[in-house]
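The structure follows.
Just so it is clear, A, B, C, D, E and F label the chains in written order, and each chain counts residues from 1 on its own.
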Amino acid sequence: MRIRVINPNTTAAMTALIGESARLVAAPGTIVDAVNPAMGPASIESHYDEALSVPGLLAEIAKGEAEGVDGYVIACFGDPGLDAARELARGPVIGIAEAAMQSASHLGRRFSVVTTLARTAGRAWELAERYGMERFCANVHACEIPVLELEDPKARRVIADACREAVAADGSDAVVLGCAGMADLCEFLTDEVGVPVVDGVAAATLTVQSLVTMKLRKSGRGEFAAPLPKTYVGLLADFGIENKEAQA
Amino acid sequence: MRIRVINPNTTAAMTALIGESARLVAAPGTIVDAVNPAMGPASIESHYDEALSVPGLLAEIAKGEAEGVDGYVIACFGDPGLDAARELARGPVIGIAEAAMQSASHLGRRFSVVTTLARTAGRAWELAERYGMERFCANVHACEIPVLELEDPKARRVIADACREAVAADGSDAVVLGCAGMADLCEFLTDEVGVPVVDGVAAATLTVQSLVTMKLRKSGRGEFAAPLPKTYVGLLADFGIENKEAQA
Amino acid sequence: MRIRVINPNTTAAMTALIGESARLVAAPGTIVDAVNPAMGPASIESHYDEALSVPGLLAEIAKGEAEGVDGYVIACFGDPGLDAARELARGPVIGIAEAAMQSASHLGRRFSVVTTLARTAGRAWELAERYGMERFCANVHACEIPVLELEDPKARRVIADACREAVAADGSDAVVLGCAGMADLCEFLTDEVGVPVVDGVAAATLTVQSLVTMKLRKSGRGEFAAPLPKTYVGLLADFGIENKEAQA
Amino acid sequence: MRIRVINPNTTAAMTALIGESARLVAAPGTIVDAVNPAMGPASIESHYDEALSVPGLLAEIAKGEAEGVDGYVIACFGDPGLDAARELARGPVIGIAEAAMQSASHLGRRFSVVTTLARTAGRAWELAERYGMERFCANVHACEIPVLELEDPKARRVIADACREAVAADGSDAVVLGCAGMADLCEFLTDEVGVPVVDGVAAATLTVQSLVTMKLRKSGRGEFAAPLPKTYVGLLADFGIENKEAQA
Amino acid sequence: MRIRVINPNTTAAMTALIGESARLVAAPGTIVDAVNPAMGPASIESHYDEALSVPGLLAEIAKGEAEGVDGYVIACFGDPGLDAARELARGPVIGIAEAAMQSASHLGRRFSVVTTLARTAGRAWELAERYGMERFCANVHACEIPVLELEDPKARRVIADACREAVAADGSDAVVLGCAGMADLCEFLTDEVGVPVVDGVAAATLTVQSLVTMKLRKSGRGEFAAPLPKTYVGLLADFGIENKEAQA
Amino acid sequence: MRIRVINPNTTAAMTALIGESARLVAAPGTIVDAVNPAMGPASIESHYDEALSVPGLLAEIAKGEAEGVDGYVIACFGDPGLDAARELARGPVIGIAEAAMQSASHLGRRFSVVTTLARTAGRAWELAERYGMERFCANVHACEIPVLELEDPKARRVIADACREAVAADGSDAVVLGCAGMADLCEFLTDEVGVPVVDGVAAATLTVQSLVTMKLRKSGRGEFAAPLPKTYVGLLADFGIENKEAQA
């Protein structure tokens, strides 16, 4: 089984970190690739960044389909492009917010999300609602560390404090990490905070692996059928071509 | 006051039709431009098409900001890129699904949506929820006419039948047209169906006009503040540059 | 086009203020009358007051219908008598809570309501739910200034403070003013608070104007059809007569 | 203990029928009066009628307060004036829709409402939501018999058929009768339909009796405190006076 | 009429206290028994305790059915075994959380629940949702006194403080007591706290009495029909037999 | 890693079938035991059966804890005893309804549930709500085959028809099987119905495996902490003892 974990931003160091976190939990027979798009923003911290990460992400899905990949993880907590990716792929596509929230829903009554910048909290709530996880989400907290500074040695301390304060304020049973760039802090934070801390990269990788094991993939008709063949022009002219391939 | 109506697909004939519908309702002092992106799909009938219409749409917003446009309409019933556009623009940005549903909410207890292809119904429901309009939406019905065939003379008859059946099945008080390409059918359909029929292009143009008249625009901080300056690479490298301008 | 703005309380000074706020935003061709009922309470600060403002309000609607008025604004934040008025009127009737909340929903993720007395907050929440705006409403705050003391020069300072505290506590993107008597403070408060402040009188006037422009009015059948002819007795005997006229 | 059952319309025959239904279930020590207002509509079949029934209803509450009545039933399925009445009364005030739906919620997973005219169904849904009973309400069905024709001997057959069809269509466990004028049909319908049929007049009378027995009445502060003293003018000038008395 | 109040824990002193509270409010003709199971936990303070209280509770229902009991109260705020009991009994079965929350919903806009241990708050929220009472529930507060220490003379002071703080924090109109063991404190607390305080034992007893008076009982078919005859083995082998009797 | 799959009914043949389905999907290093309780009903088709299956289920969890089991599946679509089991177990406990619905939520917009008897549909809806999956659940359909007759060769045809009709009626993207006894039909039904069919036994086994792999288990405090030590009497006296062990 081959799972492709797509970091939707264009920062290779973060892609490497994400790949490691995914491989740590994958079963022996599962091959995990980590890739990032050739176009788009260096980090995703706004609706604008998110929207512009999607074409590159979809190009990676199209490439994966050509290579026979079995399933995909979208490794950004905004789960950008999830629906479009599901139309394009034959196998499962799972976002890390989706998988992390579902995993945390098994650990108690409610979880707190700890994310990077406060301006992304609205999106996290939107996803919680979409996945039916709003009832499990006590609140969304920001540590105000930009995505590309998460690897700074001081960051982990700030994040641990944010997690502890979130759990105390919310009376929650678990923490969901609100950024793929925090994936490697999961064990450290679990020890520091005293409640389970969920990393979406691991959770999504295992969700894809489970769905592929059960041979579960979208039906070929309806809302998530392959996109209709159609002319694309300008910078995105090539996307029309990928589209026709996906149909074949 | 200058309002820009953006047709997010790349079909110029549809842009012209949309512009006419918007100008029909605008107040004397309001200048309405209708434009479409230089890149992207010829029509939008899937999540994939929608996602790929957004970069071109955002480029039009950025251009509008440079030209001092006061507000924008996104003239596709999926309201693609709405949040990203709101970050980028100083004035209001309104989607036609948003405006049409809100207008219809004043006309009775519930409305029916009549859209093009059934595969887009899920997105319509998603938007209804997001705008708080789910409680007013009786159901979403498809007439199964592709967007680019709406101008076929036979289409208006099929759509009228779909509207009539929708109202009968739902016991609804109004119809919301689920595609910008139906904007010119509004009056014909109102006569045929016997309940008010709402076109989102007109509704959104008037909503923007009202917000600009009231001098209401997003606050400069928080979730919808201008996107952070950031490097963009590959095909989308230019979007980093637009971004910095939006900040200035 | 003729729009009638009805202040449902019987205080003429407040009616004048409301009329001015409405006229400030109306388009050149739109005539705006401001009226108040001949019977009922001097101000509306309870469910009791609200219920007893409705007969007078309905009498004004009936009079407007006889005079060919195109649409109505109900200028009290409890939106009293809205459904009854919609049955009676041929054109649109819009409440200021309804319009203000819808307008604010375009300005960010959530708004705060700042109202007069805390005892009216429950009604504001009820309306937010009814209009589908609950998800946009962060909280309802009271400044504890009675309606008829809003024009006191000290009031505007207290209200500005309440708005600022509301925005800080809620992390909201906009403020909705919870009383028609605050309509003239809108610009002052926007400057003071630093986020957009929405006045429902202006918003409702423009919503009515937009609906009339689009020729959108309730369908003639179903829940909002004209009330059935019926005998009314006692003090309200005349209301049976108005009723028959509405049917004609 | 003295309970006053108020029929909010002005038809004495219906008041008598309602009084009998209430007295049938009251405990030995409970005195039940049935009254109707001196002003307002002969029957309530629209939002307009409902709004105009409220002043007369409130006058009855004020009279009851002067006479030391312990609690009140509002015997119309629209529960008109409920919040205003609660401000005015010291003891409990219960609407028949409220009580009937709560009683039916104990009898199975979902109930069907069978009401008079279809145009009142929207109000029934609104009340179901308000009371938290929406989740128990399978659907609202109309038998299209006007309120004042319910006593026609043919009506009971039509209503029985409507109940049976409602239960079959909804797969529901109980029926809630949607009009006080159906109170005397309860036993007949239970036999005919084969599921429990709930009459709100009986249910509300017993709910008031229970609350009075438990000495439960609203707190004297907050939203439901007595209305503030205030000038009322015109036809309703007397209502200002009643108001002051309620405060004393 | 004979009502059986079942204390689902096995502590006889608490059963006696509960019986007294129920008898205080029952009508003259109503006989109230208070019983507790012969097996299960001494107090209920976890999901585990609750689950294990149910077999003994169901045995009491089966016994009551054999003796012709008309209706039952489940006197533990987790309302354990309610659905199963409803299948088994011919007459109404009401939980004290269910009845207390419904009663409190008539007293204002929102109530606060004050319960024993914080670990039971999740269950209280779950029940609030199930009964449609979530919208009336401002919050659930714990006084952290174990069930079997509620009779300690110091407990009533701690509980009074918790109620007062709950009302202040929530701005609520009433308090719902979150444990049958607090039933005797109801009057004392109402005086102390200044808002109505609702005891579920009294409320549920009166709800059962009302339903029996109205001859309302579940329909004999569907989800709450008698359980199907079926083999039970091991410690619970006898429950198969009770089952068959219930069918007869 | 050792996962215990508990069939909560006492029918050994069904336990064997369930064990096979679980082992089919488990990773190489995962040991799967399938067990059933020593007491309780032969099949679970009512709230009564469900409630009485729980003590035996909890005894199996206690035994598993003593043996060092890493996680548990509750293999009945009512997910009986889930919360109590979570208190008792140190590792994850997952119900098959929970896991099946979550898995199906990734496959499209909505799924249909196809269950055994119609009387269990209410419970399925209740669980859908609890897990946040209500928004994904189009409807619950019954094939009216009792649990213990699912292995009849004719049953699979009836179930296939029910699935096909459910998908057609609901326009759904997937089917969730509403009984552990259907686990072996999953592949057959996927072929027959043309949309993915989800078996909860497989889904729950993989969810437990994933959570154990991520080292995610409930926090030791709060609602799901081990049950408090406490006296249990009568037939269930031994459960007090198990309790103390769980604490150690």
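As a working rule, a contact is a pair of C-beta atoms (placed from the backbone, for glycine too) under 8 Å apart; a residue touches a chain by one contact, two chains touch by 3 or more.
The structure displayed is predicted, hence computed values, not measured ones.
Two copies of one sequence, chain B and chain C, touch each other mainly through matching residues, since over half of the numbers at the interface are common to both. Rotation angle for the C-alpha superposition of chain C on chain D: 180 degrees, rounded in steps of 5.
Distance between chain E and chain F, defined via averaged C-alpha coordinates, is recorded as 28 Å.
Mean C-alpha positions place chain C and chain E at a centre distance of 44 Å. Counting only residues that touch two or more partner chains, chain C has 109, 118, 122, 171, 222-224. Against chain A, the residues of chain B that register as touching in their complex are 10, 37-43, 45-52, 54-56, 58, 81, 83-84, 86-88, 118-123, 126, 129-130, 222-225, 227-228, 230-237, 239-240, 243. Against chain A, in their complex, chain F makes its touches with residues 25, 27-29, 92, 94, 98, 102-103, 105-109, 131-136, 171, 173-174, 187, 190, 194-196, 198-199, 202-203, 206-207, 209-211, 213-219, 221-224.
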